[in-house]
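The structure appears below as structure tokens.
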């Protein structure tokens, strides 16, 4: 019944290839089916100015998309002279999500910038960016640990994300573009490895949704987290 | 236990004064306690270009804040030369929320722009903007009906919003600034008059939250909707 | 003969309501008939960089207009990405006018930012902004005096403004929009409480004007100042 | 008593050299002492969109300054990415002033853009721009007449401008930079060849000024117009 | 003697992988050693407005670099709000170079946009972008031919580019970053498959260079073209 | 055969008038036929931040064009809000070229900004800017020497530039606009007084060019340098 032939609660094939960017402290290319996002984590020893003297660090994110990541070419944001509202909203979400899994005191007064650049888009790019961004962050923090620049691990737990939605009246996991553009209600769910919630963003694209429907999407998201965390673990092993 | 002395599930005093802007087709000043938002709805007979020839209309929103709506003065966005990511995120949310209650075919090929300008901020400005924006929209659409520019009512149902959060370990309704800045988890809930959900945006400011905690916040939001819709009804009566 | 039925030398009904913005050090809502401007004064303990070490302070102003302050909606300047030439010209005028009544040495090395936001426009918004801006400034400076942060009063005199113009061949005081858009010549006059001139800006919208006509407009402005200063005095009493 | 040794009511040496830009329909280099402004008038057969179908034309102006027109280098506005408030205010003044001398119906549906670029600044650049801009405009309109593109002369009268101010307590005509930066009150006066006023912009740089002082500055400006108009006449002869 | 151990006239290992972007009409990932550039060609059936009605088409290029393509993170141009002068210079060069190999009449009234995004930078990114951009363009044009949208092949010949420079006093081919940052004189040479020159850009980073030195760099470039064109041919075979 | 009647290897009439800008440390107006560029050099005692503490200085350039320097009016870049790619490319070229003739250690920790503003354009503006910019730079550096702010002359040699191209199949020197717009291949050649090359930028506007053709253009440029350097020497004598 799904365009891809997947079961309702089936994730797309996940692949997380690490070390793809030779200069970055941490990097990976995450593929959720045909959605491919390149994630890098860059350590900057200078924290943002509002944290100077607090002993705390920061994790922030930026999001971009290659002009031809999509069916038709999108205007390059650098040429347009500004980031769209959508881009800013997404990068704020990625940043908040990743910070939720980090002990900023343990990180110390430095900043890690996670860049998520969509190479190919087939729905769910912000979720893939969070799941892959966490891997890049983990790898970068590993370098801090190895170099003894931190004394305890600033990463407290896995953070990953997945979208769910009502497609043709059924709750489905990990929407691709065909489903996303036809979905009634959909949501992005960011969870920890321990199954707790970090961010929930649900939106009625058409008709409003019931609390029961929301619960069924959440069920799917929770179940789907197993696969995402397993893929993260395999990648950083 | 709450700084304001309110009960856990108690809304702030709501007041919605209509007709406050003499030029706008619809307008109101909504006060949720010390949060005051001026909402106007402007009818433009020309739809956005992507809807030309579709027979459908559009509702969009813009959000702003006076520089001294807050404790310390914020830089004016017009002087800064761009709207912040936060502003864009909020106005996109308001627009989506209001559209969820509108039959865009019944509206016809025109656009209604809802401007929400925060006069004074004490937490929950985006929710107040949605609740008040709906009233401004309702009043503007009434003019279309009176002028027989639409043949059936394009507004399908009430849309209103409220924030809830975990404050000092307890779920509380309609957070003010003191609570918001100290809250662990909080969320914005946009609902219809019929009690269905339009948008859910929850965020773990500190620790991740459980599904059970999410449910308790949702309970509060659903209960709080009664008061919001009642205030909307009184305002447009 | 005037659209409003006023006498040639009659001001519109003035109302200056103070303390309307709870966070600002000084604030008022000034209403000159249907022109309503919200003015706030914000004290910043840091002076602009060009005054560092001089012992002098600064007063500056910013001007804005709500999108639907006017008959048809204006594009929000924050969304347009810049302030118009008109906006910049007006806020420079307000700043210069208010500084003319201030002893900047007595103010000390701090800055007061006066924000003037037009809620509703019916002609004469820049003049109302100056008259109301002075009240907001006065109230903010009172706080400095009460807190003994200044040792002598930095405000030397009242500053207020009014427009005059030739309407249907007659000199009239305090033009509203209907008059303003039809006026041949008009001008904005900024005066001190003592009746001296601070700024004069006259412009021949159509035919050039004679020195005699200029004199008659100035007569009206001088006479009108009485009412403006009286309203300021009543407001700050 | 004046730094330049001029009499109180003496203009600087004026020179207006025409035809300095080979491509422009009209051009001149005006020198008011050490203030040099290059003025060109460019005819565009397309009127601004707001005049389409009205039968009326438009005259507009733009103002710029070479980075090293001044004692120390100013940042290039093109590099800064925007025109300053001062620039916009000045070019709006030039445009309004020149339009005051033009019959826009006789001009027909076309636009003339007058560019005023300051080569060297020694005070009074906006006044020189108006006086020289009128010459460029006159020459461009002559081409329209010669080419029989207009049937009656759209230029109704001379327009020129001069600054006056109180320097060391005395009213002086045509301030240079040394005087301008020390002047108490100063003003820019735009007049027609017939001696009527087009724009008056007076500003109390320090103490407020009396009506009598204003009158004495106006006297000087009126007297000074003779020399400016004579120079314009000589230039276009 | 070269940091990489290469001979003076030896190219880096070239790899051109095609079809890497599923949505683009033509795409490839070109690797010149550690410099990796992703190139896509997007066909737009609408030509730029200046070509409407001429029967001719256009080829243009845009260039970007991922923030962490380099040793330390570069600011994202979309976040900075503009493309740097370097970026604009490079994308203008790529566009001119590719157009030199295209018969724009045979292409017909359409536009092909070639996006070159640097994934990893180790010197020579603009040259790699031209060599790879040509492959993407070739593949996109093949689609036009297959779809019979063009009647004769608009691509007249191969276009490729390589840098040469004086490193440690010796002329070397295809500089990597270590050589580039130490080179005295270097240049970028764009040639056709037939060995003719399309663009030559030489720059004395330190001491000026002689015509003889220039000739020796040109010799290297001509020889190096064999390898580049062979790699292009292999890629599109 | 050339539109101007010049011989193939004949420069346009050159005139370099110095001291044209009274405020600048160095200035000249260079005229290459009908191309006129005003060049000023401004000394800033503060070096760019990336050179602080290195003992080295910097020379940079900015380029602009008056709106009516050309046949039809160009939009003012300050009004457009950004410098075009062409402008940035040209000013980067001017800066690199001038730096090639400067000993930056001898200059010491200061910056010289060379502004090149095109008054009238008839082809070859960037070359005229380099040739004239060098004169302005030379004059400014002379002031440093006179004031004993430098101990040895930071200017090592003359730098000048000229364009050459294939016009109607023949190599011609110093193209004017009529030739430039019709030329097949053209190039800009920056040379030192000693005849060495600083920058070579050649571009096939239509057909690709051979190495032999390139050599013939270079021959012309080398010969033409005599005249340019002679004019520079005469100007600074």
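Side notes on the structure shown:
The chains carry the letters A, B, C, D, E and F, assigned in the order they are written, with residues numbered from 1 in each.
Definition applied: a residue touches a chain if its C-beta (ideal position, glycine included) is under 8 Å from a C-beta of that chain, and two chains touch if they have at least 3 such contacts.
Everything quoted here is computed from the prediction, not taken from an experiment.
Within the contact network of the assembly, the step distance from chain B to chain F comes to 3. Looking at the partners of chain E and chain F together, they share no chain. At the interface between chain A and chain B, two copies of one sequence, more than half of the residue numbers in use appear on both sides, so the contact is built from largely the same positions. Across the assembly, the mean Cα position most removed from that of chain D is the one of A. Copies chain B and chain D of the same sequence differ by a rotation of 120 degrees once their CA atoms are superposed, given in steps of 5. Farthest from chain F, judged by the mean position of CA atoms in each chain, is B. Chain A and chain C have CA centres that are 51 Å apart. Counting partner chains per residue, chain C shows two or more touched chains at residues 81-82.
Taken together, the touching pairs link the chains into one ring where each has two partners. Read round the ring from chain E, going to chain F first, the chain order is E, F, D, C, B, A. Across the complex, chain F is touched by residues 21-24, 27, 34, 38, 40, 42, 44, 62, 64, 66-73, 76-83, 87, 113, 115, 117, 119-120 of chain D.
Put simply, chain F touches chain E in their complex at residues 82, 85-86, 88-89, 91-92, 96, 100, 157, 187, 191-192, 194, 196-204, 207-211, 214, 218, 222.
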